[in-house]
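Next come two complexes built around chain A: one with chain B, the other with chain C.
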Partner chain A sequence: MKKSNISKRKRREYLTAYAFILPDFLGLFVFVIIPIIYAFYISFFEWDFINDKVFIGAANYIRMWKDTNWWSAMLRTLKLTALYVPLLFGLSLFFAVLISTVKSRAGSFVKTSFLMPFAITSVIASTLWMFLYNEKRGYLNAVFKALGLSNQKFLGSGRQALICVIVVLLWINLGYNMILFLSAIKDIPESYYEAATLDGADRWHIFRYITFPLIRQTSIFILVTTTIASFQVLDLIMVMTKGGPAKATEVGALYIYDRSFNMMEMGYGSALSVFLFLSLLVFSFVQMRITSEEQGENV
Partner chain B sequence: MKKLTALLMVLVLVLSLSACADKGAQEETSEKTEDKGSDTTTVKFWSFHAGGEAEFLEKVVKEYNDTHDDVQIEHTVVNQSDYTTTLIPTAYANGEAPDILYVEPATFTKYAEKGMLADLSPYYTDELKEDILPSALEAVTIDDKIYALPMEMETLGLFYNIDMLKDAGIDPPSTWEELYEAAKKLTTDDVYGLVLPVEEAAYTLFNWWPFMWMAGADVFDDDGNCIVDSKEMVTALDYWGRFYQEGLSPASLQIGPWDIGNVGTGAAAMQVSGTYVINAAENDYPDVNIGVVPLPSPDNNPITVAGGQKLAINAQSQCKDEAADFIFSLYGSDDITKATEWTTEAKFAYPARQSVIDNNSDTFEEGLRAVFTDFYQTAVPEPSYSAEVTDAMGKMLQQVMFGGVSSEEAAKEAQKTIEDAAKN
Partner chain C sequence: MKKEPVKIILLIIFSLILLFPIYILFMSAFKGPGELFVVSLWPKSITFDNLKTVLNPKFLNSIKNSLFVSTTVTVIAMILHSMCGYALARLSFPGKKLIFTTIISTLMIPTTTILVPLFMVCKGLGIENSYAGLIIPAFFNAYGIFLFRQFYLDFPKELEEAAEVEGCGKVRLFVQIVLPLSKPMIVPLTIAFFLGTWNNYLWPLIINKKEEYQTIQVYLANMVSGYSTPWNEVIATAASSAVPVFLLFLLLQKQLKEGIKVTGIK
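This part shows the complex of A and B:
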């Protein structure tokens, strides 16, 4: 009697829960899943938006395989990911741990300051940084000059442009990811630390054996989302360099945009997108697999 | 189960993040046409102008709508940078494209070749054909069909800060050698000698064409053979590239390369820009002495390029006649009031019609405008190439400007790309 009551209530709760998710799911379905399925479908056609689609089988994928421009763009994306993800992860964790030890009001001031760039739209952030990066009248070169260093071209230099983009990405996203780490750290019971301190653990040991293992879920989340986001950086680059100088910042996503819209090769653009999507899927899955295996060893 | 959940979570994450990119386009193209009545034809017209130009367009649309009961123009203002890149192609794809749209040389051939533009020849009267400057008409004609209505010509010149040049004891340059020497002398820790465009974009090519022509080079010869890989092209590339390689021109720009603010704020001493900045040079920087001369040339025989927007009609439109009536009433009518207003008041540009010029000789001799008026009739229309050719030429410039590639090699590569594209 009592049992069936609970299950009935549970069922109603489930129903309510699903009802809450439904609008979100519908939105996801209409605006995300259908377009992706459609992109997959278009990727087997030659289509310029205007004239009828022509079915060409896997020709777009074969073309992708031979397209050296695409692979150099993808290599730039990988370079960006390889630099950006560890840096963002490390820095936001470092600052989170640092700030978590500050108990005064200064802590919340610092937190807010770190989060502020995240509230600025990326276009404005890019524009702001272009002031800093300006070769002749920028603040960065003014600092360099004061330190006795030579003038740098920053966004105008093929070697530095991608790094300049990464710096802006870090600036924007550091605060948000730091807050994620911070709230994970806050969830760790204070008693663990007290016990460890009593046992004579130093700060490194406390971090290594208490903090870091206990924020694992957040770490995985940040790693995966940041990796995905790094594959899709487009707006910053569109504003700051349009892929230049001499293609130094033409990442995969920008190349797809260029092919799809400038060259009006929607079929080919879709094939590239599908490839990018699938590689992200595999990449993220492997990333999660590895991190969950580690978990198995530790426990 | 856990694995499945993990996979699902990854999927949702990837999906939701990749969704962000196309939100913007969807919002803007989802507008629906409102029918005012069953016997009223609604003509959709998309523009992207701002300031005085936008006011002019609003005014003429209102005037037209007030005097026509059976036809109503539905005017929508959209973002210029999205206009030719994403908005127009996607709107065509889902049948939501406007009846009247703007085209420019960078997009004209691409659109016309894909059959996006209606043939406007039937709407052109013989008088109008004669009144429009031959080069302007030629630029919108493919195989004897006229696909657009030109209403303006924008030409390039060399703008400079008069005081900076005077202080350095430099006369406004008229030859290539003088321009290079001047840029070198004027470049300091704080100021660029000469601003040229930086990005791989249609605007960069627009600026490059006259330099290429002045060296005697071209993309195709009269028979349509690709002649990019030539001695003349290498000369032009060497000259153009030198400004970037030696740091006389910026490698990255905070404001548009067309923006006269480059000279106006003192960040640069000289700048290649067009007729479209004359109003800004006079009004926005009244304290700065800005002068303009024809583009310097190797042999004191300057060539400039003429670009500008044109109006076209959607080939899929159900109301081509009505759309044509509207645009020709503005820029193709015997009554040249509107055509005059556009190029003299709404903005400053050269009209595409001889009669407008003849009737307004005073305006075109005023201040900085006189310099352009002296040589604009010999201006070469901005060429309109296929997407592949534009892409190859853009890449060639970038390679020379910033890629450390020699002019010979870059020209050779562009030649090969263009020839390969022609074969397919």
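This part shows the complex of A and C:
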């Protein structure tokens, strides 16, 4: 009697659990898992979205291998990542440490100011910075002139455009990552610092041997998420430069978008997507391995 | 060791540099056509003409669409993810580990790499060019589920035990006791989902070609895509469209700062 009661209750718990999970599970299945499988499938076909799909085996991947435009685009993605990730990491950590040592009420104003650009959407930021970067009459050139520097082309220059995009990315995301670092720093017990100060450690030693090792989790999180995000920067570039001038900002993600939605080469676009997905997977795996190994050494 | 005043001055100077573009945005919205590109810190004559031109029905409609889409996505995502996260944390059932692993593994799939097939799936479901196409794919986010699960793992067991003794079923327990206590996770995730959906440009651009469902980001981006850009209107539109989120930001700064700490997502 009692036993059957329990099993009845268990069964009801199972049913409740499945009912609670089903909508999300189904949604993730249809809108995330099926698309990634579908991308893999389509990558073996030639398809312009209008006529029937034609199976072409690995031809899309062979084409990718020989497509110099694609590799230059991926090289630009790597360039963007190599510049943006360390800059964002270093700057947000620097300012987080600086703010954490300030006791004044000005700290609150500073935090809010740093976060303000985060409340601006990518598209607003893009249009605003296009205005500021304006070659002939923009505010940035006015500031440059006041500082005695020569007039710059900014987004119109093949050499500067990618850096200009990175500046906007930094402007948007600095405050957000700074706050992440700051809250990790604040979680470190005050007594650690006191003990270190008593032992005569200077500021650099405190940072190197206490703060930095203790915020490692946050550092890894920021490194991995920023790297993944930098592979996917698309909206800013689509609005500000559309890949120009002369392809100077045509990154991998934009090349895929262009192939798929403008040239209607769905199969080839999917093959490139699959490649980007797999390289991201390898990239973040390696990054996590490296950072966790370093952690092992320090403990 | 640096002295406190030096640090504060350094921080304030950098803050002002970060704020400068935002100031220019709002200030320039009040400049006349002849004056827009005259570099200055204050308009010679303040005009409301730009705002009158840009606050037209198309603009207002796109703001309305963005508000509707972002709110719906946020509310439904909160309901679905809290339920799912709760079940994964507190209920026992066969296949739990497999289901959890499957859900978490979708975190590794970046949205930009599935744009093409996601578009095809939605086209297959017949939800392109509609609110459904803008809204439904945006719900599903394993990170939201994961964070709710983590939150419920630390939930006090006593609450559920007491409820069980009183004969309260799992569903009622969740709705009446667990949900009201979930505010520390619901608030930051609400901000994150709302901002994330409001900010989204690519998906609305791809899935919807109809003007009546256009979101504000697509509307604004279209203004600068032509050969000649009407800068007075662009700046005034950008400034006006920034107002709703800015108000939200100023009202909820404390929760936002806390939220970043809790969720770590945009």
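The definition used in the following text is that the second predicted complex is superposed on the first by the 271 of 299 C-alpha atoms of A that agree within 3 Å, B and C clash if a C-alpha of one lies under 4 Å from a C-alpha of the other, contacts with A are read in each partner's own complex, and residues count from 1 in each chain.
In this text, contacts are C-beta pairs under 8 Å (C-beta built on N, C-alpha and C of every residue); 3 or more make two chains touch, one makes a residue touch a chain.
No experiment lies behind these values; they were computed from the predicted model shown.
Superposition of the two complexes onto chain A shows a clash between chain B and chain C.
Once chain A of one complex is fitted onto chain A of the other, the partner contacts of A:Ile210 are absent, as it touches neither chain B nor chain C. By the touch criterion stated above, A:Ala142 is placed in contact with chain C alone, chain B being left untouched. After overlaying the two complexes on the shared chain, residue contacts for A:Pro35 are found with chain B and with chain C alike. By the touch criterion stated above, A:Leu223 is placed in contact with neither chain B nor chain C. By the touch criterion stated above, A:Gly158 is placed in contact with chain B alone, chain C being left untouched. Contacts of A:Met130 after superposition: both chain B and chain C are touched. With both structures placed on the common chain, the touch criterion links A:Val167 to neither chain B nor chain C.
When the two complexes are overlaid, the chain among chain B and chain C that reaches more residues of chain A is C. When both complexes are overlaid on chain A, the residue A:Ile21 reaches chain C alone and has no touch with chain B. By the touch criterion stated above, A:Phe114 is placed in contact with chain C alone, chain B being left untouched. Of 55-63, 199-207 or 253-261, the segment of chain B running into chain C after the two structures are fitted on chain A is 253-261. Comparing the two complexes, residues 28, 31-33, 35-36, 127, 130-131, 134, 136-137, 225, 228, 232, 234, 253, 261, 266, 277, 280-281, 284 of chain A contact chain B in one case and chain C in the other.
In the complex of the two chains, the chain B residues touching chain A come out as 6-7, 10-23, 26, 85-86, 89-90, 92-93, 110, 114-116, 189-192, 198-201, 250-252, 254, 267, 387-388, 391, 395, 398-399, 401-405. Partner chain C is touched in their complex by these residues of chain A: 10, 12-14, 16-18, 20-21, 23-25, 27-28, 30-36, 38-39, 42, 95, 98-99, 101-104, 106-107, 109-117, 119-124, 126-132, 134, 136-139, 142, 171, 174-176, 179-180, 183, 202-203, 221, 225, 228, 231-232, 234-235, 238-239, 253, 256-257, 260-261, 266, 269-270, 273-274, 276-277, 280-281, 284. If you check the complex, the residues on chain A that touch chain B are 28, 31-33, 35-36, 48-51, 127, 130-131, 133-137, 151, 153-158, 224-225, 228-229, 232, 234, 240-248, 253, 261-264, 266, 277, 280-281, 284-285, 288, 292.
Put simply, chain C touches chain A in their complex at residues 1, 4, 7-8, 10-12, 14-16, 18-19, 21-22, 24-25, 28, 37, 39, 80-81, 83-84, 86-88, 91-94, 96, 99, 102-103, 106, 108-118, 120-121, 136-137, 139-140, 142, 145, 169-171, 174, 195, 198-199, 201-202, 206, 217, 220-221, 223-225, 229, 231, 234-235, 238, 241-242, 245-246, 248-249, 253, 256-257, 260-261, 264, 266.
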